[in-house]
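The letters A, B and C name the chains in turn, as written, and every chain counts its residues from 1.
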Amino acid sequence: MLEIGGLEAGYGDVRALSGVTLSIAAGEIVALLGPNGAGKSTLLNCVAGLVRPWAGAIRWDGQDLRALDAHLIVERGVALVPEGRRLFGGMTVQENLELGAFASRAWAGRRTALERVYTLFPVLAERRRTVVQALSGGQQQMVAVGRALMASPRLLMLDEPSLGLAPRLVAAILEALGAINRAGVAVFLVEQNVPAALSLAHRGYLLEGGRIVGEGSGASLMADAHVRRAYLGPLAVRSEDRPYPQGGHK
Amino acid sequence: MSARVTEERQHERRWALAILAALGLLALLPLARPREDLLNFVFLILLSITLAESWNVVAGYAGQVNLGHAAFFGLGALITRALWIGGTPVPLAMAAGAATAMVFALIIGVAAFRLRGAYFAIGTLALGEILRTTVGNVLPEISTLPAATIASYQLTLRYYLALVLAAISVIAVAALATSRLGLGMRAIREDEEAAEASGVGALSLKLTALALSTALAGLAGGLFAYYHISYYPAHPFGPQWTFDALLMTFIGGVGTLQGPVLGAALYVVLKEYLALRWVDIHLLIFGALFVAIVLLLPGGLVQAAERARGMFGRRA
Amino acid sequence: MTVLAQQLILGVLIGGLYGLAAAGLSLVFGVMRVLNVAHGELIMLGGYGAFWLASLLGIDPFASLVLVIPGSLLLGAVLYWGLFAFVVRAHEETRVKNSLLIGFGLALALHALAVRLWTADERSIPTSYSGAVLAVGDLAIPLVRLATLVLALLLIGALQLLLSRWRWGKAIRATAEDWQAALLTGIDIRRAYLLAFALGTALAGAAGALITVAYSVSPSIGLEWTLKALIVVVLAGLGSMIGTFVGGLVLGVAEAASAATFGGPYREIVGLVIFVVVLTVRPRGLFGR
């Protein structure tokens, strides 16, 4: 469904992505892992249309997304939950969610979509008239995810949804994502919280320094020595594992 | 980077010399015993050059749009007029006027520069209006020179003073542009945060630019006070002086040495030519021209000339 | 005491128009980060529109709002497409500076145009009820001015309703909060900008018509009203139309109080001083977020 080929992007003189190639098929949950500054957000922003790539292809259902304005990409069924949530702070939960269905593909069905979001996140239903600034971090994250869902996307992208959240809430978000996926929505998840991401994802990519340096199923990445050393802490590395420099993985 | 800087310095120096040469030629004009209205006309151009260059210092080199510039023009005029009529020799009176403008600017500058971009612009606009209204209330009556002074009025003297002032402003701006200060200012104009990060003290540079800008404006105001026989004291505080300076600078090419000069000449010529037929239509034209320049040709006439030269000049 | 009360009432009456004038500017700046310093000239044009409709076609000035408002809406759309659509392509700091400059050129051109079309004289719209006054004890409340206050409040209320109920009104608010997030929810922010600018101009035109019937219009009211609008926007802060309206009332009352205390000429200065003080001390304004 989503095909990215040889993507190059950056800001001004600074290169953020070099020759990135990956794909996401319908119904998959794909994780994108990597350290800070690796370019993960840039990648998502390119797909969503907030950043224009320098070169390479982004194809969604065979259609080139690069030429489209961001709001038109939402119309095509690709929705992004941006880093830091970026809610409309002065507006209520309901208003934020409703705006999520602004795209014409979703506007007519917004009441149904709203009920679905409230079923997924019952706490939001209770606080639907609260101004989102007054919500806790976890609740705000739910609103952010819910807002993206209101667009009836076929691909839901999330940029670090677990950032700043307590483990219990992270688990709740992950559970929600699982449910969303079972309902037929593909998920592209950027996360620094590797165990969380890999526990959910079918597949994953590893992005370092703007390049894809690894790919595999969730389980294989979880067992990979480099991933374990770099992202799961020194205690997680077993002495008999081979160190990364001796080879890549696929 | 330094090669480009050296090239720019040479460029500015060449223009400065060209302008000074032109001014030198204009110094010969009174010897040809021209009609008085021609001398007045050139005087107006010279005054406009000084005013435009003074505004250009803050806008073009330090990157801030000062919409209250007339306040300093007015202060210079106010102090000069008061001192001169009271018996102080003109050069001293003008120096005092410039100093007053500069001190006032520095006092409010520290607070004003905390505002960025648009806020600085409208803040200075408000300050200018406050001054104008206050002066208009405190000194509502017209200021006229005493009869003896009118009797001994010499236009050529004022003409030469205007020439000297125009030359001073051009030299001052040229010196600034080619100095380390000027370089720092340009860095601020391009990207203030990056400049601060690399050690450029933004506030002190901006204040220096403001000091020079308002001192020159104050001198221009002093010239205004010396030139006119009678006017309302609040008149030089009026926003149209700021707007004129702004138009001239932008149309000519903001941030360049020669831009304000070209813009001033064009502006005064067009205004005089059109004012004969239609009142204020010159403002309609300049307003439209200004918008076109901001949108299409931000570098003004200077940029247009460079593009034209680029198209034709390479053939040889 | 009665003199002071009378002055204060007149201050409230004009304050409503200050609020209306500021509302358009606040909307445009809040949504697009464009500071249209020609806003006062748009007010002036609305005033002349009402004047023309009254003097050429004999239409009652209050009734002419029905024509002036849509006309101003259209003018706003045209100005956006022609000028400000280019400005919003740049990122924020350049955008503000360019909008300032473009607004400046536009103001100059419109001012000159007005002088050309209507001369520099003051114009007003006398009606059969111009002198009507509501007497409350010793106080006289001019009915025309009272009507303009009520209409200003109604128009602001209508705007508030549009912004909270209308789909595109919500889109406008969302764009004002976070344009990137708005894009991500499928909002075409350029259309939001267009609508905001057109609405802002419509409010300006309405304000102009009301100013002309209650006071007078001349080419020079442009700068004057741009400053008033700026003062109120800075005083009230961005984000609330009602807050802006209240800010207008505050300015009107402050002016009246200072005129009564220090004398007429200082009426203008108090507003400007408030402006500078608020700008330096609390740039967010009284009600801003």
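Methods note: a residue touches a chain if its C-beta (ideal position, glycine included) is under 8 Å from a C-beta of that chain, and two chains touch if they have at least 3 such contacts.
This is a predicted model, so every value here is computed, not measured.
Enquirer: Would you mind naming the chains that touch chain B and likewise touch chain C?
Expert: For chain B paired with chain C, there are no chains in contact with each.
Enquirer: Could you work out which chain's C-alpha centre is the most distant one from the centre of chain C?
Expert: It is A whose centre lies farthest from that of chain C.
Enquirer: What chain is most central when centres are computed from CA atoms?
Expert: Centre-most chain by C-alpha means: C.
Enquirer: For this structure, which two chains have more C-beta pairs in contact than any other pair?
Expert: More C-beta pairs are in contact between B-C than between any other chains.
Enquirer: Just how far, in Å, is the C-alpha centre of chain C from the one of chain B?
Expert: It comes to 32 Å between the two C-alpha centres.
Enquirer: Between chain A and chain B, what is the gap in Å from one C-alpha centre to the other?
Expert: Chain A and chain B have C-alpha centres separated by 55 Å.
Enquirer: Can you give the whole-Å distance between the Cα centres of chain A and chain C?
Expert: 44
Enquirer: Mind pulling the chain B residues that touch 2 or more other chains?
Expert: Residues of chain B touching two or more partner chains: there are none.
Enquirer: Quick check on the complex: what are the chain B residues that touch chain C?
Expert: 65, 111, 114-119, 121-123, 125-127, 129-130, 133-134, 136-137, 239, 243, 246-247, 250, 278-284, 286-291, 294-295
Enquirer: For the complex, give me every residue of chain C touching chain A.
Expert: Residues in contact with chain A: 167, 170-171, 173-174, 177-178, 180-189, 239, 289.
Enquirer: Residues of chain C touching chain B in their complex?
Expert: For chain C paired with chain B, touching residues are 35, 37, 83, 86-87, 93, 96-102, 104-113, 115-116, 223, 227, 230-231, 234, 265-266, 268-269, 272-273, 275-276, 279-280, 283.
Enquirer: With touch defined as at the start, can you tell me which chain A residues reach chain C in the complex?
Expert: 48-50, 69-71, 74-75, 79-80, 82, 86-91, 95, 98-104, 106-107, 147-148, 150-151
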